[in-house]
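Labels A, B, C and D are assigned to the chains in the order they are written; within every chain, residues are numbered from 1.
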Amino acid sequence: MTITNYLVLAAILFTIGAVGVLVRRNAIVVFMCIELMLNSVNLTLITFARSTGTVEGQVIALFVMVVAAAEVVVGLAIIMSIYRTRRSASVDDVNLLKY
Amino acid sequence: MNEVVPASVPVDGLLSVTWLVIVLPLAGAALLLLGGRRTDRWGHLLATGTVVAAFALAVACTVALTERAGRAVSLDLFTFIETGSLDVTAGLLLDPLSAVFVLLITGVGALIHVYSIGYMAHDPGRRRFFAYLNLFVAAMLLLVLGNSYVALYVGWEGVGLASYLLIAFWHTRPAAATAAKKAFLMNRVGDVGLALAIFLMFAQLGTTSYAGVFGSVGLLAGGTVTAIGLLLLLGACGKSGQFPLQAWLPDAMEGPTPVSALIHAATMVTAGVYLIARSAPLYDATPTARTVVLAVGAVTLLIGAIAGCAHDDIKKVLAYSTVSQIGYMFLAVGLGPVGYAAAIAHLLAHGFFKAGLFLGAGSVMHAMDDSVDMRRFGGLARRLPITFVTFGLGYLALIGFPFLSGWWTKDAIIEVALDRGGWSGWVLGGVAVLGAGLTAFYMTRLMLMTFFGTPRWEDGVHPHEAPPSMTAPMVLLAVGSVAAGFLLVAVFPLSGWLEPVFGEPEEAAHLVSPLVVSIVVTVVVALGALTAWLYVGRREVPTTAPVRVSPVVTAARRGLYADTVNESLVMRPGMWLTRALVWLDARGVDGAVNGAAAALGGGSARLGRVQTGFVRSYALGILGGAVLVAGALLAVTA
Amino acid sequence: MGAIEAPELSFAALAPLLFVFGAAAVGVLVEAFAPRAVRHPVQVAIALVGTIGALVATVLLAGTQDVTAAGALAVDGPALFLQGTIAVLGALSVLLFSERALDPARSAFVAAAAVPAGSVRDRELATSERVQTEVYPLATFAIGGMMLFTAANDLLIMFVALEVLSLPLYLLCGLARRRRLLSQEAAVKYFLLGAFASAFFLYGLALVYGATGSVRLSDVRVAVVTEGGSALMVLGLGLLVVGLMFKASVAPFHSWTPDVYQGAPTAVTAFMAAATKVAAFGAVLRLLYVAFGTADWTWRPLIYGLAIVSMVVGAVLGLTQTDVKRMLAYSSIAHAGFLLTGVIGLGPDGTGYGLAATMFYLLAYGLTTLGAFGLITLVRDGDGEATHLSQWAGLAQRSPLVAALMTFFLLALAGIPLTSGFTGKFAVFRAAIEVGAWPLVVTALVASAIAAFFYLRVVVLMYFSDPAPDGPTVGVPGLPTTIVLAITAAATLVLGVLPGSVLDLAESAAVFVG
Amino acid sequence: MSDVPWLVLMIAVPAVGAAVVAALPAAREALARQLALAVSLLVLLLAVLTTIAFDPGGERFQLTTSVAWIPDFGVEFALGVDGIALSMLLLIGVLVPVVVGASWRDTPPPRPGRPARSMTAFWAWLLLLESLMVGVFAATDVFLFYVFFEAMLVPMYFLIGSFGGPNRQYAAVKFFLYSLLGGLVMLASVIGLYVVSNSQLGEGTFAFDALRQLEIDPNVQKLLFAGFFLAFAIKAPLVPFHTWLPDSGAEAPIGGAVLLVGVLDKVGTFGFLRYCLPLFPDASRDLAPWVLVLAVAGIIYAALLAVGQSDMKRLVSYTSIAHFGFIALGIFAFTTEAATGAVLYMFNHGIATGLLFIVVGMVIARGGSRQIRDYGGLAAKAPLLAGVFLLAGLASLALPGTNSFVSEFLVLIGAFPTRPVFTIIATVGIVLAALYVLLMYQRVMHGPPRGVLLVDEDDAGDGDTVRPASGGTGATAVLEAPVRARVLAVRDLSRREIAVVTPLVALILVLGVYPQPLIELISPAVEATMIDIGVDPGGSTPAAPGSTGTGGTD
């Protein structure tokens, strides 16, 4: 198992996440896809940490998890508020602002 | 040919105030125009006074001139324009040639001012009329007195303006207004030629003064001289109503009759002749240009004469006669040194009798309630005796009745034309003789229709002789018409007086003896007159022009289609072009600008559609951007 | 395995950050313990103390060239200049936030964000004077994050700062009192897209880390010099740039800008438009110079292209806008493009006039745009601000002063001489031409001519058309907004007429520590 | 006397005046315009004193003032005048008071259902404009010039936009955007120039005298030249960058139109002569033929368009475009005579076209219509008006005796030696000039009474019934009305109007007869410019007659 496989896997996960953002309607799911992208990055970081034999990668991964957690808090707050107003979490319903 | 270069004798005494000759009438004009209604009562008297004074001064100056070496004085007044290598000094040149013209202008001008006092007595715009008349005299004097082509040009355009103002004097008449515009524009066309000639002189010689230019004609390439000559000719044609720019002159008769007499018969229209005569040193150096002058003269001579035969408007007939007579003068100056003196002589004689004829015509109109239709005249001889006599004398002088002015001066021209020899000599001579015959025809026709036969007047017309203020000038001019030729050719030969300008008049060996010439001419003239009598003298003249006539007559009535040609070749295409350009400017040039703006707006609106408001499409945009960026960077590195 | 030695921290050098973050933390505590009645004034006071304190600190620190926190933070000219700028803009924004006189309910912010919009409770709260005073700590955190962003000498810190400045902004966008639906929509869009973009930034970070074995800018620089730009690293750079350009709202990463600017409370829009741009460009400059300055051949064409796209998109799309805030949003996209011409103006390896020019432009633009948005808060009708252009018709006759000020700001945005906008444009274009990028400059000039058209449209509306009978009213601002408008207008004028000293300052500050 | 900062005063006085007027309450219109008149007269006085202080024989730039402004960019607030700029300052000094007089009774455009706006703002903008116009001609620092050049747009924009005709908004925006676009392109060149100076002189500068010394690579010159040229060609305007002028000229209030065409647009031709030629001599020489093509094409094209116009103000605007063609021809012919003529032309055109605009404005003030077809036969009732109209027209067709003749003659005779073909084509333009002037004059002044000013016999008591300017429309309605016994109700020039036109009329005639003083003021500066572009200032032709071969074909 060379590191390339890990990197490729991470890249695939990242792409899946990105595509998910594009195709899914539910805000929660979209957000989860973003989380997936972040975690694929974590994988990449760990891999590089291993390959370069440095520790930063692992540290950064921890940081990323913390930040992601914070993002979840904020994000869910926003999504909840709009959900309670509109009774819908579909991102396609929020397009009053355009052009 | 440097005689015109003034002797550097300090100018003093009377001659040093020659400029007063110009300033007097100018001041008159200014006073009348600025003075406003205050000057209504005495304005015309003042105007006349200034011109008379100018005439007196001119006589005095001319006398003083005779005592001077070289008979020329050049006065530098002030620096007009000086920059770079261009140095135009406002200055005057009084020499035999200009002196002759100054006398003619002020003299005839004074007479016509006097005449106008009576003629315009009841016109509300009298003050304005006299102001313009003075303005004209001033400009015309500047034209002939200037000592450089620029000065001449200034006067040249000045008389154009005065002519415009006077033709349009009764400007509420559309015809008058249009005629004035036409005159100005066709003159302007000629002015382009004159202007370009001046530019060419400056470009080649770095000067525009007569002295400078004539002093170095020899240094010019032949082609250049010819070009200058032709350009000057263009200017001359415009001003003198010569072919192909003759069409404005007949229309100019819309102006008051004194104007027609002074400007469009005696003085302004002869400016072209003056220009060419003045530029003698140039023309002497270019036979080509001179030949063209000859051709123009000959053609115009005939056109004028032919058109004159068919018109019923007394003033138009006289106008075409003027065109034709000036054609004679062009013919003469075109012949070169031998012809200059003859041309000037004819010019002066013509000035007298044609002015006289116009004043007579004016008197007739005065009697006939301003009607100009000869078909409604007839039998006026008894009602207007003085007019009849003076007009008659002018008529005889014009057709060249033996021993009257016309006979002396016209025959002289025909002689020099024949003396040219070769086929061209015969052709030109023949044309001149033919012209004489036609002149006799149309003038006799005019006489008969106006003064003889049975009255064909409109109802309520009661012809009466004009007041003395009008008849007096007519008498004086009649005297001039009788005597001028004899005096100028036989007693004080003009050629001698002009010798400092044109050089020694060489006595050419006549190919045809003058006697024969004058006999032939007289016979032809008699024939012409007879024909006229056969046509209009014997039978009743219909009060309306016959409609069914030969194409020749139609052509003649339409002035040989000069207007038609101008319209179809210049006016209409011009109007089309203008309309097309207006469209192009609005739709094309400005349209392009507005179109670009509209395109931007449209693009903006279309591009704005991308901003759908859907989060996911925005995300797609970002992703796409990211891919592009990544791709671009990899492309750069790879 | 030696003993772990604590990293050295120069607290003096960190003073600005400490001030702001301290203020933010205190604000949270106040929120928790102080009675509702006193919260608002107290919060405002704390926020102002924090920002102004930070400003003073940056002024005192002026001239330091230092790397601290084990090389993670750079305290150098650009950092301090931009931190100062952000502090100024932040303080002014806080003043805008604290305006009590304009809205009948005495604040532009929602009473209780948790209450669903349009519900009964919401309607009764709408008229109450309750305010979500958390906006002040949030804003202060955002300001802190921005200041950190400009000083981050380490990709990780940069990422953290990015999040610290973004998360509060997401929330702030959703806290409008009026038109809550739009406000919440703005928040959602900004949040989702922001998170999306930061994921790219993070991935880029990872790749750079993988390529160089470090996230310290100085180390990256060394790596770039030694092994040149590997594909991996360049790819990383690209993704980092994407993340940053998103924040700087550079086309084609601008799509969120119009929607968010329009939906967010105007005060917040002003704050974002002014301060976020400064922070984002601060990070861009640092990243491109300190880390990749020696490999500028990689990013120069990219930035070149982005600049053109951004200018054109901003200018052209602005033409057909009918909402003032939206129009200013597109204008800010165009200005991002102009700023990038300044970035291009960087000579190889940080030399050249570009850095100073860009920093000056950021200051000038921030103040002008803050003032413009501040003015928008004054023009109101029944339900909040009247931002539709048609409502601005004939404003000059309602309130000549507001119209004149707006015209002045718009002329500044258009870059007419004697305004700060012109000085800024002149500076960045000069820098660009000096490195031979004159085609870019010509494009920029044409773009600004196009943009001038829609600024002009507003002027035409205000002056030459007649007001609608039921047009908006012009509110009388309270002290805070008045101060903001006075300062921004004065600054726009001074930076236009006598920019000498500030230009000197920017020039002297334009040195990065490696 | 020359140590007084005349130029600073000439800029400051109207600026302060503008501020004061603007501060006046809207109700005090009368005071506002009296103030405006006083200030503009004071500026005229200053202009005269400046001319006295100026020594034509002295060094090129005089009365200089220079203060460091933005040291970082090497920008200085540097003022100074040569003969060319000074003549423009005189023109400003003369025209502005006249414009104030001509606009004395103007009223703001009517607004349906709303109280009329006060004219106070008009006077304020007018004075501000004067101050900026002085600045743009007096600046000797390119940056400063640019700043004035752009700032000048704002007052004119408001003059057109809020006091103009029915279509004023479109015209104002078009004017602003056209000029702004040109200005921005020029900005690129200005910066480029700065960068070049930065690299050559070590530290960047905008000082005209320093920039003149630069040795710029010809290709770079072409680029920089293009930037400046576009801006000036739009300002001047040359075909095909002209379409904004007819709109602005037609919609602007008469006062604005006079200053726009009379002075503002001269900045373009002034720029050619002051900046394009000396700063980029090589580029100027290489590109001159193309410029000349534009110039000469413009002369013919615009003249023909003028013939085709039905709106008097548009017509006058088009005549100006033709005249600017002559000026450009004079400048790019590269001879002292032509260039002197061009500068003289700039001055004379301001006077002549200014008068023409003012007289046309007086006609419009009487009839309330800009359409030629709405008038006819006015000369019969208003001889003075007709006379001044004719004089203005003759001046604009450059009849000898009027000032314009001297300048047009100089331009053509000076351009002929170096550019015969272009000059010949241009000379044709003088025929067209006669055509458009006389056509308009004949239709408006000559012929039987016609048009909107006809009223029924009974209420033709006094001709002082001046209709409100309602711009174009409504005229035809009067025409279609049943024609009963009707007479023209038009009053001749009032005392104020006579006072307004007199100075211009006097200048036209005096400068037509004795232009030499003005020429002597201009020539030295022009010669200096010729030296800058490497042309012998001595003149276009050998002083000694006869450079060409002797002998002839015969």
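The definition used in the following text is that a contact is a pair of C-beta atoms (placed from the backbone, for glycine too) under 8 Å apart; a residue touches a chain by one contact, two chains touch by 3 or more.
Just so it is clear, the model here is predicted, and its values are computed rather than measured.
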Message: Counting hops between chains that touch, how far apart are chain A and chain D?
response: 2
- request: Find the two chains joined by the most C-beta pairs in contact, please.
  value: B-D
- request: Name the most central chain, where centre means the mean of Cα atoms.
  value: D
Query: When the centre of a chain is set as the mean of its C-alpha atoms, what distance in Å lies between chain B and chain D?
result: 36
Query: From the C-alpha centre of chain A to that of chain C, how far is it in Å?
result: 25
Field: CA centroid of chain C to CA centroid of chain D, Å
entry: 45
Query: What is the distance in Å between the mean C-alpha positions of chain A and chain B?
result: 96
Query: Could you say which residues in chain B touch two or more other chains, in rising order?
result: 608, 611, 613, 615, 619
Chain C: positions in contact with at least two other chains: 188-189, 192, 196, 258-259, 453
- prompt: Name the touching chain pairs, would you?
  reply: A-B, A-C, B-C, B-D, C-D
Field: Residues on chain C engaged by chain D in the complex (per definition of touch)
entry: 411, 414, 416-418, 423, 426, 429-430, 433-434, 438, 441-442, 445-446, 448-449, 452-453, 456, 460, 463-466, 498-500, 503-504, 507
- line: Residue positions on chain B within touch of chain A in the complex are 608-609, 611-616, 619-620, 623
Interface residues, chain C side, partner chain B - complex: 188-189, 192-193, 196-197, 200, 229-231, 234-235, 237-239, 241-242, 246, 252-253, 255-256, 258-259, 297-299, 301-302, 305, 313, 316-320, 450, 453
Query: Within the complex, which stretch of chain D touches chain C?
result: 69-73, 111, 114, 146-147, 150-151, 154, 158, 161-162, 168-169, 172-173, 176-177, 180-181, 184-185, 187-188, 191-192, 194-195, 198, 223
Query: Within the complex, which stretch of chain B touches chain D?
result: 33, 78-86, 128, 150, 153-154, 156-158, 161, 164, 168, 171-172, 174, 177-178, 181, 184-185, 188-189, 191-192, 195-196, 198-200, 202-207, 212, 215-216, 218-226, 285-288, 574, 577-579, 581-582, 585, 589-590, 593
